[in-house]
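Look at the two complexes coming up: subunit A is in both, with subunit B in one and subunit C in the other.
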Partner chain A sequence: MSITLDQVTKQYQGNPVVNDVSLAVAEGEFFVLLGPSGSGKSTLLRAIAGLTEVDHGRITLFGRDVTQVSAREREVGFVFQNYALFRHMTVGENIEFALRVRREKAAERVRRRKELLELIGLAGMDDRLPSQLSGGQQQRVAVARALAHKPKVLLLDEPFGALDAKIREELRRTIRSVQRELGITTILVTHDQEEAFALGDRLGVMNLGRLLEAGRPTELYSRPATRFVATFLGAANLILRREARVPVDSGPPGGRHAVAMAARREQEVVAMLRPEEAELAPDRDSLMTSFLGYGHVEELQFTGALERLRVRMSAEGSAQDGASATTPPVWIDVTRTQPEQRAFPLSPGRLVAIGTRRIHVLPTPLSSFTVCAETREGADRLLGNHWLGELAARMQTRLTAQVEPGTGDHGEPPAPPAGVAVVAAGEGCPARVRRLLERGVTPVLVLPEDTEPPARVVVHFAGQVARRATLAMTASLLRHVPAEAVFLGILPSGSPERTRTAGVRQLLDVRSEAQAGHGLDVRTELRLGDRIEELLRELGSQPGQMLILGLPEPGLLPENFEALLTRSPGWPVLLA
Partner chain B sequence: MQGFRQPSVLPGFGLTLGFATFFLSGIVLLPLAALVLKAASMSWADFVAVVTSPRALSSYRLSFGASLAAALVNTVFGFIVAWTLVRYDFPGRKILDAMIDLPFALPTAVSGIALTAVFAENGWIGQYLEPYGIKVAYTWLGVTVALTLIGLPFVVRSVQPSLLEVQRDLEDAAETLGATPFYIFRRIILPTVVPALASGFTLAFARAVGEYGSVIFISGNLPMKTEITPLLIVIKLEEFDYNGAAALGFVMLAMSFVMLFSINLVQAWGRRRLVGARA
Partner chain C sequence: MAGLPASAADAGSRPGRGTASALLVRWLFIGLSLAFLVAVLLAPLAAVFATALGQGIDTYLASFEDPDTGAAIRLTLLTAAIVVPINTIFGICAAWAIAKFEFRGKAFLITLIDLPFAVSPIISGLVYVLLFGAQGWFGMWLQEHNIDVIFALPGIILATLFVTFPYVARELIPLMEQLGNDEEEAAITLGAGGLMTFVSVTLPKIRWGLIYGVILCNARAMGEFGAVSVVSGHIRGLTTTMPLHIEILYNEYAFVGAFAVASLLTLLAVITLVIKSIMEWQSSKATGH
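And then the complex of A and B:
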């Protein structure tokens, strides 16, 4: 591996800008870091170059730990968005800069300069000043300058950002061919997914300081694991569906709730439908693919090669499961090619059957949020919770309410909510949580009033083992929360050395499982003392924390953990 | 004519040009012309005798020498002050920034008296320099100190904006290419700042050459030793030797003009190299 990042973290004013990023880039690979502005991708690139110090973690270049090495000695080439050419020097002097610094002989400098100018297609421009060149040419010079000292790694920070479309494409080709020719390991940062697809051998998608997924462009496009990657790489419809599935994890064998639940529970899943994978037909029978539902064409745009449609799903198509009438409307974006348009011409208002050629179920266990309260007011208060709203918006998912009056021993209770159940913290909270858990609802999110967005998430497993389902939910939640996270293990004080070693090993196992299974890197800490006391102290030590509590087995909240849900001022708790 | 007309918030090109010419003529050109005419009314031999008298020659040396020394000192220290103010954030930065302008506002005589008090043999600083045989007050050193004080704001205020403009990216780029901090300073930062530094130097120098108020208190005004040219002019005036005063004034005018003009030429040449590069 030529570039290895291990849990790299950079904080800015207490907020993680780069949050526990681990990554390995192979020798000669063209890796593209993709993400929206503010996702931390540029900071990460600067950290690799040594222009920004990291607060935590390790950076290795070709087996050499460079975390504490200055940018000067890292032997990397860096290209800036605004070229950063030395304006008082000619093109030739700019390119020779690194060689002059290294006191290379004049003849060698000239030879290298000619060679590089040839490489970037600007031969003969040696004596021009940067101000006499166009933007595209200036950026070429910047690339040549970054390559002059034969660095082992080339880092490009949005190199096409300041250029117009045509020049951008040309320069993209140049950079790609230069990279191939030299076989230099390259990381390019961009927010443009088309650019990322065109250039990258592999992509890494960042959001909120975390590296969400890394993989080959085609893989990430067709089988993303996260909502963000699904919607950031091209257009995607995220659909909530109910699927009867055997739960991934049914707890230890013989667990008292496991069997009952597996039988009863139908899981809600998040599915991704690419607009080009949807099929439209006059009715269900004439669909060539599997039926999704009926809908009305609401918008229709002709964009040349493709036609873009927005179809509003009819309630009867999706609501067979008896969901309440408050279910918000669902729109499906569809693109159709010319032949498809000719075969079935459409106009707005038309009723169509929607079919899916290919649908990809995201492995995320957090599908939608349902607020559970005993009164309408209580439900509205929770719905109005700022952080919950933000979280649902980030996850691009549904946030609905279910009002269940009384303690409810009379009559048949309504169907348990799908996805994440959200309840208010405080007085009757433990009982409510227990009732939900018994009916097979996981996870449950307990929210105190006026929750601040957490800056730190403590993950603790109440049972002996970390269940896979808990890990999956933790990973899924952390992808949408810009906070640092820690796996907190607690052993009784006075544990013998052997137990402690085992405890540490267990934590590290959990960490590597999270990393292998979910690409999520989390730190670990081990404490000695009483579990509840330690957790209360940890969460009370500073505001803005959240707890993810791994249940020992599905549907079971151990007695003594109730104290964590009733404390005031409290903290959000996700029981998973 | 049409080509010169640019839309502007101020009314009328003709009006503003007329106003500018009138102002410049009335306030700058006319008095200077009067000075030249007055000097021209002397015979050539008289003129040469006055301007090359040993007392005059030594006053030129002190005036221009001390001004040059003060401007050079200011260029170095003014740059450091400006650098500190631009690059670092520390408590009291705003206050320090405001204090830079104080020499602008203070009556020069006041700063002269204050400096004399501090640097006199029994003054706050003077008493510590005395044992080493360093005398500041009533020597050419004192003149330089006074001229440094009044010239400092010119350098700081000229350099500050251009330092703000040095992109951090340029330094970062140089660092990734292997340059040491000193190399970056010498090859990247300095070349960018030199035009501003030069104009700060020019302003400080010009101001120092013309300075009178603060110097006469600290210099002691010993003929042939610590007498600056402006003082010599005042002395001539007090002796009612208007022609002599005009002649000395003319020499100062000519020398200042030549020096400022050549510095401007150098600057213009430097600017050409950078023109358009701020895209």
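And then the complex of A and C:
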């Protein structure tokens, strides 16, 4: 591996900008870091170059640990978004700068300069000043300058950001061919997914400081593991649907709906439907693909090669659970090619049947949020929780309410909520949680009245083992929370040495499993003392923390852990 | 609108164009500002040279042969030679710190740099008398060790340092903030060390702003009257700088001598302006606008 990052973390004023990122880039690989602005991708690139110090973690370049090595000794080539050419030097002097620093002979410098100018297609421009060049030419010079000292790694920070579309494409081609020719390991940072697809051998998608997923472009596009990657790489419809239980514990499901027959309970899952994988037909029978539901065409846009439609799913006949009145409407975006349009011309208002050529179920166990309360007011208070609203919006999922009268009522209990059940913290909370757990609802999120957005998430397993389901839920939640996370193990204070060693090993096992199974990197800490006391102390030590409590077995909340729910002044608890 | 003649509509919609009264107003404003400039700025300048050369060039040159005048010029040059480099180095350091780093108390530092602009020069001088004068805080100690600060060269230098220290820093801070850090970072990733980055990247980048700041600092250092007047003690031939010497000569009705020295300071001002113009021309050429 030529570039290896191990749990790299960078914080600004207590907020993690780069959050436990681990990554390995192979020799000669073109890796693209993709993410929205503020996702930490540029900071990560600067950390690799040594322009930004990291707070935690290790950076290795070709087997050499460079975490503490200054930028000038890392031997990387760096290309900045706004070129950063030395404005008072000519093109030739700019390119020769790194060689001059290394006291190369004049003849060698000239030879290398000519070679590089040839490579980037600017031969003969040696004596121009940067101000006499166009933006595209300046960026070519910047690339040549960064390659002059033959670095083993080339880092490009949004190199096309300041250029217009046509030059962008040309320069993209140049960079790709230069990279191929030299076989240099390259990381490019961009927010443009088209650019990422065009350039990258592999992509890594970042959001909120975390590296969510990395993989080949086609792989990430067709089989993303997270909602964010699904919607950031191209357009995607995320659909909530009830399916027979998808075995969370056996990793991402391979086939379409190939679900184990031994289903215990219907499970809500998040499915991704690409607009181009949807089929529209006059009715269910004329669909060539599997039926999803009926809907009305609401919007229709002609965009040249493709037609974009927005179809509002109707409740009846939909795969959606139509019974609940609080269910918000669902829209499906569809794109159709010219032949498809000719075969079935459409106009707004028309009722159509929607079919799916290919649907991908995301392996995320957190599908939607359902607020559970005894009264309407209680439910509204929870629905109005700022952080919960933000989280649901970030996950692009549904946030609904279910009002259930208390224990005094002898009526038939309504169907248990799908996805995450959210209840208020405080008095009576453990009983409420138990009632939900008994009905097979996991996970349950306990939310105090004034929840701050957590900046730190403490994960603790109440049982002897870390359950896979807990890990999956933890990973899923952490992808949508800009917070650092730590696995906290607690052993009784009198534990013998042997138990302690075993405890550490178990924690590290959990960490590596989270890493291998979910691409999630989390730190570990081991404490000695009483579990509840230690957890309360940990959570009370600073505001803005959250607890994820791994249940010893599904549906079981040990009694001594109740204190964590009732004595919470402001920390949310996810029971998973 | 259709009924109106086109020209009337035109004139109505564009005041200040094409009509006789608008033309008049324009020239009136230009004339007024010019007249004001001539009366307030150019006339005194011309008067300085006219009076200095009033009794012929020989008398003018002869006035520089006075040993006290020579001493004043030497003292002024010595003061500037010490003060300007110190303030240049300080200015670059302060501007670098402010433009490139985020730290607590940054706003306070900027305010501090501006302090000499806000304080009357007389006060700046008095502060040093209070500190180092015979009755001052350190007065006794200095006397015991036989060190002269007030009414001597060190006092003059301290007062001049205080008054002129914002010039370089003030010129560089906005320039460095505008130019950013990218070129320096690029140089570092290419393997350059701190000194090389500064000499071959930062310095050329800021050179015109730096030159202008140094010149302004120098002009003020040579021309400072108030603060120096308080600390110098006006000992002829020993602690009088050029501005102080001019005052003494003037009070003695030695007009030619006074204005001859004044003409030197005026010349300095003219040179400053010329260099400023060159600088603006150069920097506009460099950015390609």
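Throughout what follows, the second predicted complex is superposed on the first by the 548 of 576 C-alpha atoms of A that agree within 3 Å, B and C clash if a C-alpha of one lies under 4 Å from a C-alpha of the other, contacts with A are read in each partner's own complex, and residues count from 1 in each chain.
In this section, a contact is a pair of C-beta atoms (placed from the backbone, for glycine too) under 8 Å apart; a residue touches a chain by one contact, two chains touch by 3 or more.
Keep in mind the model is a prediction, meaning the values are calculated, not measured.
Under the clash rule set out above, the superposition-derived model of subunit A with subunit B and subunit C contains a clash between the two partners.
When the two structures are aligned on the shared chain, A:102 is found in touch with subunit B and with subunit C. When the two structures are aligned on the shared chain, A:131 is found in touch with subunit B and with subunit C.
By the touch criterion stated above, A:88 is placed in contact with subunit B and with subunit C alike. Of the two partner chains placed around the shared chain by superposition, neither subunit B nor subunit C is touched by A:386. Looking at the shared chain after the overlay, A:376 reaches neither subunit B nor subunit C. Applying the stated contact rule after C-alpha superposition, one finds that A:72 touches each of subunit B and subunit C.
Common to the subunit B and subunit C contact sets on subunit A are residues 49-51, 70-74, 76-78, 80, 82, 84, 86-88, 97-98, 101-102, 131-132, 142, 145-146, 148-149. Residues of subunit A touching subunit B in their complex: 46, 49-51, 70-74, 76-78, 80, 82, 84, 86-88, 97-98, 101-102, 129-132, 135, 142, 145-146, 148-149. Those residues of subunit B that touch subunit A in the complex are listed here as 167, 169-170, 172-180, 183, 187-188, 191-192, 273-279. Per the touch definition, subunit A reaches subunit C in the complex via residues 49-51, 70-78, 80, 82, 84-88, 97-98, 101-102, 131-132, 142, 145-146, 148-149. Those residues of subunit C that touch subunit A in the complex are listed here as 182-183, 185-193, 196, 200-201, 204-205, 286-288.
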